[in-house]
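Order of writing sets the chain letters: A, B, C and D. Residues in each chain are counted from 1.
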Amino acid sequence: MNHMTESFSYVWLIPFLPLLGAFINVFVNRNPRVSGMIACATVAASFLLALGVFFQLIGLPDGERSVDVVVYSWITTGTFAVDVAFLVDPLSTVMMLVVTGVGLLIHVYSIGYMGKDACCVRYFSYLNLFMFAMLILVMGNNFLLMFVGWEGVGLCSYLLIGFWCERRSAANAGMKAFVVNRIGDFAFILGLLLIFLYAGSLTYADVFAADPAVLAPVITAITLLLFVGAMGKSAQVPLHVWLPDAMEGPTPVSALIHAATMVTAGVYMVARCHVLFAQSATAMTAVAVVGAVTAIFAAYIALTQYDIKRVLAYSTVSQLGYMFLACGVGYFTAGIFHLVTHAFFKALLFMGAGSVIHALEHALEKGRDPQDLRNMGGLRDLMPVTYKSMLLATLAIAGIAPFAGFFSKDLILLGAFVNAPALWLVGLATGAMTAFYMFRLLFMTFGGETRLSRDETEKVRESSRVMTIPLVLLAVLSTVGGFIGIPHVFAAGMDRFGGFLAPVFSGLPEAQVPSASVELTLMVLTLLLAAAGIWGAYTVYIRGNSIFDRLVPRALYTLSLEKFYVDEIYDTLIVGPVRKIARGCWRILDSAIIDGGLTLAALTVRSMGNAIRYTQTGVVQNYALIMVVGALVVFAYITGFLGP
Amino acid sequence: MNTALPVINLYAVMPQIVLVSAATVVLIVGLFERFRKGIPYLSLLLLAVSGVVAVNQLGLGPVPFSDVSSMMVMDDFGLVATLVFIAGAVLTVLISISYAEARSIDRGEYYALLIYAVSGMSMMAASTDLFTFFLGLEVLSISLYVLIGFEQRDAGSNEGALKYFLLGAFASGFILYGMALLYGASGSTEYEAIARTLGGERSDAVNLLLLGGLGLLLVGIGFKISMVPFHAWTPDVYQGAPTPVAAFLSTGSKAAAFVVLIRLLGSVFPGLQMEWIPLISVLAVLTIAVGNVVALVQTNLKRLLAYSSIAHAGYMLLPLMADSQDGSASIVFYLIVYTAMNLGAFGVLAVLSARGAPCATLEDLAGLGSRRPLLAAVMAVVMFSLAGIPPTAGFMAKFYLFSALVHGGYVELAVIGLLFSGVSLYYYLRVVVWMYMRPAAETPAEAAGRLSYTGMTALCLSALAILAVGVFPSELLQLAERAVMTLP
Amino acid sequence: MIPVTYYLVLSAVLFLVGATGVLIRRNAIIVLMGIELMLNGANLSFVAFARQFGMVDGHIYVFLVITVAAAEVAIGLALVILLFRNRGTVNIDEVRSLRW
Amino acid sequence: MELYFFLFFAIVAVASSVAMILQRNPIYCVLLLIMVMISIAGLYLMLDAQFVAIIQIVVYAGAIMVLFLFVIMLLNLSREEGGVFRIQKPLAVLLAALLFLPVAAMVMSYAGGGTTPPADGGGAGFGEVEQIGTLLFTKYLLPVEIAAVLLLIAIVGAVVLTRKGTVSVGE
């Protein structure tokens, strides 16, 4: 074991290099142009190292693919010891690759997006810091290190979301992100406390090897608390409110938060703790149900949003719901698989949206919102690269074969079908809705007639190379990324992803696999529903609108009234209520209850603060009087417990 | 008459002797106007010498002062505490230099009193007898009364000093009466003797007297560490005091009182431990709650820090319940970290307020991030540390403290503490938000120009220390553990 | 021989009367005198206990407490004089610019 | 006989102290406090604490209280008028009375705590200067030294606080 630890001794560089980059940008570098280079170079180096780890790891036999690399002993006291140590195993390697790989592309893209911003040095240092925190989170071999990364990503997201601090809304959004995360964090800490209390250690190896009987009395509490922590970080209902607001940050930040880092932390944590979760059926059910509810709830809201980034934000929430659904039904591999593919296409979607926003920002007249879908349309020919790459990403997220999202989503739905048919239905419906709202977004942005004025149209330019190249790379990944995990039913033994992760999840009970025909039927069903969603979007947002416009004058002449009628029915019976309910969900649940609850709690605490504050009268004798009251309490206590 | 002279071991009180002599030298040299500029540096030098003396004695104890009655003992615990006090004083001197000069309070007496105060704390830490403790406390308190009121013409300084004085003397009265009762119960004021009485067979009457005495001591010490409900002076006094003095007050005098509490617990309380737990835990939780909740609504920075320091006192009270070496070590560790953090926070204010209008409210910090990047960075580090965010020392301190608490089986208390430390994040981050995310006022309150080099050195040192301890806590942790090992 | 309890009760009374004085008087000097009264109460206990045990230690304590009291009074009165100079009053309920 | 002495001193002490905290004229307050001090000195004598009794008169009543008097005269303080303590006053008295209950219960139940006072008053020379002096320079050497430091600090402090202006000696 020793020589192996040594051969991996360089892994500490992976998180350290971005930290170094941040350090240089904060303290040494003052040149904005260089700052981006530094940031990209460090992340690129980390990515290469992560690749090195990956290849080294697959060179090892299955059983030995889990190596603890101790960097130094962090805390050693009489009662416990915690090391700064990294765990290199397939799961952490996958996360490393995703974080550094997608992160690298986002860094490169940022050079184009943020290069001209006045504070871009600060921006890149935050970005690097974010990478550092996330890498610590996924690489640590103990809960304490994970917690350090956990808090670190929270802090960095807060800094980045509030980056454009001139905007008050940005600062508030940053605050909100932090506060909501705090709720989750609190639960997470409590979970850790219980683990520490019962397992006596915070190192994964010790905790996961702990006798289930020892943990049994609190296992449900532990896992539920951990899960609440994951809900906060991964934006699950009802702790998701921060994520849509987090759109206030620069768009690459949204891409980073949503795709590669931060939000995936919760999924990673649940997967990492699968040993614990598997011991509590209650917790597993909770994970699955919350995941499914979140998936459909967020998708529902996404149906009617007009802000392009907000649609994507709710879509992220919804997709994360899928991942938790997968974990909850015991398909941890599927959850991580979806995490990976989602990282590809969601990063691409955000960066594509960023590209559009970037273009429109310069083109649109003052007062027109460059993020509003109603101000877009017809951009297909103006921004061809962005359009094509986003089309591929949209196909991927909609779950159309053979794009990346198809394979991972399919696996999740398969798991749900086997273990929880009710949740499978929810997932299926969500799939259709996903296809609908994503294509709605695509059509409203790129398709149909442009809603820009001529002057504006002329000013729209495709983004620069430095921004489009990452888009293209991600588009390729979104297209072929799914082939790393080809389902068994198509080609036996080709599920390389599952095979790679298998040693990590080997302790779990063997998953039931339905017959090939069932599996294929499910696939077809999924695809059909996705296609239906696309068709719906097409009808409403491409054909629907234009037909409607053309129909009115022609109505007198032709009898295609029927078509109109159908559309009308569709509109009143389906689109209308859906829109209303979705709006209602957003307004009542999100704004009123959850936000309101937060506000109310904050207000209560504040008013208590004010009440106590005004006992501080400034008169010294009042203070003395309070002291005497205290003394009286002490004496009452003393005589009290010695009394009869 | 023939009096047997006791065998005295001056070596045992060497740090205290050096400190008192240092203060007296500073006092005398301060009388000469021509040395005025050099006084702070002389103080630093002499503090360093005292530090070296203390370091040299580490590991040699325990050595009692005399064979007749120990009164004071030299052991690692007292020495580590003394070193913390000295470090705090060094930082205080550094942040004082520009502040004191600008306000013409840079006199020898100022620095001399600061060192006298350190000597008083050191006496408290080394005491093994209630009377030396009481006298050390008075040495500390009287120095502080004067230091707080040092800005004679400033009404706030004056008011703060008077309030602290009246309440401090009031609290001293309680301590003294408590000591009288303890003396009556056990016939001595030595910790050991009291412990013997507690440990032995005792009648209900003696028991009651002992409890009453300890209760009164609790009132007095509770005052010093600003435990609710004996905390009310804290915000007013911090606000009124000259900022470096407030820094010193919030760290040193609180630390000294805690050190005494730990030593008392180690030797005197064990017999009473179980009986005290409900009371102390309720008061600790109240302290945490009041500190954090009121800090939420403060806009005056010094008051905000005052309430935050109340809250921190509450956290540090918690592990007392655990009654373990771990618990005590975690308090010592917390105290060390807390000293660096709070001196840093007040230090930023002191450096900013040196010239021009004092930096008093959150608004005065607006735009600091772009005006004074380094200073703002220090403040941010300190705030994160106070909030307990990794990888700062504050996180380590909280982690160690709460894990000791959990180990002791007080999970509920740990949960409450964690909950409120979550609340506290709001107001610490608000400071950061104001520095980085609010545009500066047209005319910033603080004067333009260079900040004092010495002040910045001190601040950068404490910020670096906070980060370093956050990443490499082991050495300091072991020091803290070693310190409490020597306790009975 | 008067029982020690008598002295102790008397000392408690003096202590508490002193404390009451601290709580209810506006004049800072009288407040300070209230504190002196509290110290005297404690001192009486020390001496009474010393007699009870037949040990002189209690007397030493009183001696030292008187020293402390002198030091406190010196500082306290200096602060009061300073207050008077700054504000023209020694009524401490008027001194409350630092609050909330 | 002893009891009458005790009662006399006790009543004078309590009455004077209560009068002191009620008296509005600060000069009278000082004089009443001196009365308290003297009666306490009397009690010290009854407790065979001659040395402390003398110190009480000389230092406390003679020096410290004169300092009070001096400052009151210096500031030319007049009678104190009622202030803002409308609720505080009754509350304070109530609290003090409440606090008296447990404290009194505590000390009354003590009754010697199982010890009986030595009949000869602790032996010859109990409470006299020699015995105290010996103790001060042997067992209590350290506290005495600290007290010396304390006095030094108090002197410096009082001077620093009341010195007018900030002009230093050298200027």
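Note that contacts are C-beta pairs under 8 Å (C-beta built on N, C-alpha and C of every residue); 3 or more make two chains touch, one makes a residue touch a chain.
Just so it is clear, the model here is predicted, and its values are computed rather than measured.
Enquirer: For the chain pairs B-C and C-D, which is connected through the larger number of C-beta pairs in contact?
Expert: C-D
Enquirer: Using CA atom averages as chain centres, what separation in Å is found between subunit C and subunit D?
Expert: 6
Enquirer: How big is the gap, in whole Å, between where the Cα atoms of subunit B centre and where those of subunit C centre?
Expert: 26
Enquirer: Roughly how far is subunit B from subunit D, going centre to centre by Cα mean, in whole Å?
Expert: The separation of the two C-alpha centroids amounts to 30 Å.
Enquirer: Can you compute the centre-to-centre distance for subunit A and subunit D, using the mean CA position of each chain? Integer Å is fine.
Expert: Here subunit A and subunit D have centroids separated by 71 Å.
Enquirer: Where in subunit A do residues touch two or more of the other chains?
Expert: In subunit A, 613, 616, 618-622, 624-625, 628-629, 631, 635, 638-639 touch at least two other chains.
Enquirer: When you check subunit D against every other chain, which residues touch at least two of them?
Expert: Residues 84-85, 88, 92, 95-96, 99, 102-103, 105-107, 110-111, 115, 139-140, 143, 147, 150, 153-154, 157, 161.
Enquirer: What parts of subunit B, by residue number, touch at least two of the other chains?
Expert: Residues 131, 135, 138, 142, 145-146, 149, 152, 162-163, 166, 170, 181, 184, 187, 204, 208, 212, 235-236.
Enquirer: Please categorise the chain-chain contact pattern as a line, ring, star, complete graph or other.
Expert: complete
Enquirer: Mind listing the subunit D positions that touch subunit A in their complex?
Expert: 84-85, 88, 91-92, 95-96, 98-99, 102-103, 105-106
Enquirer: Can you name the residues of subunit B that touch subunit A in the complex?
Expert: It comes out as residues 162-163, 166-167, 170-171, 174, 204, 207-208, 211-212, 215-216, 218-219, 222-223, 228-230, 232-233, 235-236, 275, 278-279, 290, 293-298, 325-326, 329, 377, 384, 389-391, 395-396, 399-400, 402-404, 406-407, 411, 414-415, 418-419, 422-423, 425-426, 429, 433, 436-439, 472-474, 477-478, 481.
Enquirer: Would you pull the subunit C residues touching subunit B in the complex into a rising list?
Expert: Residue list for subunit C touching subunit B: 8, 11, 15, 18-19, 22, 28, 31-32, 35, 38-39, 41-43, 45-46, 48-49, 52-53, 55, 57-58, 61, 64-65, 68, 71-72, 75-76, 79-80, 82-83, 86-87, 92, 95-99.
Enquirer: Can you list the residues on subunit A that touch subunit C in the complex?
Expert: Subunit A reaches subunit C through residues 613-614, 616-621, 624-625, 628.
Enquirer: Which of the residues in subunit B come into contact with subunit D in the complex?
Expert: The touching residues are 1, 3-6, 8, 13, 20, 24, 27, 31-34, 36, 65-66, 68-69, 71-72, 104-105, 107, 109, 112-113, 116, 119, 123, 131-132, 135-136, 138-139, 142-143, 145-146, 149-150, 152, 181, 184-185, 187, 203-206, 208-209, 212.
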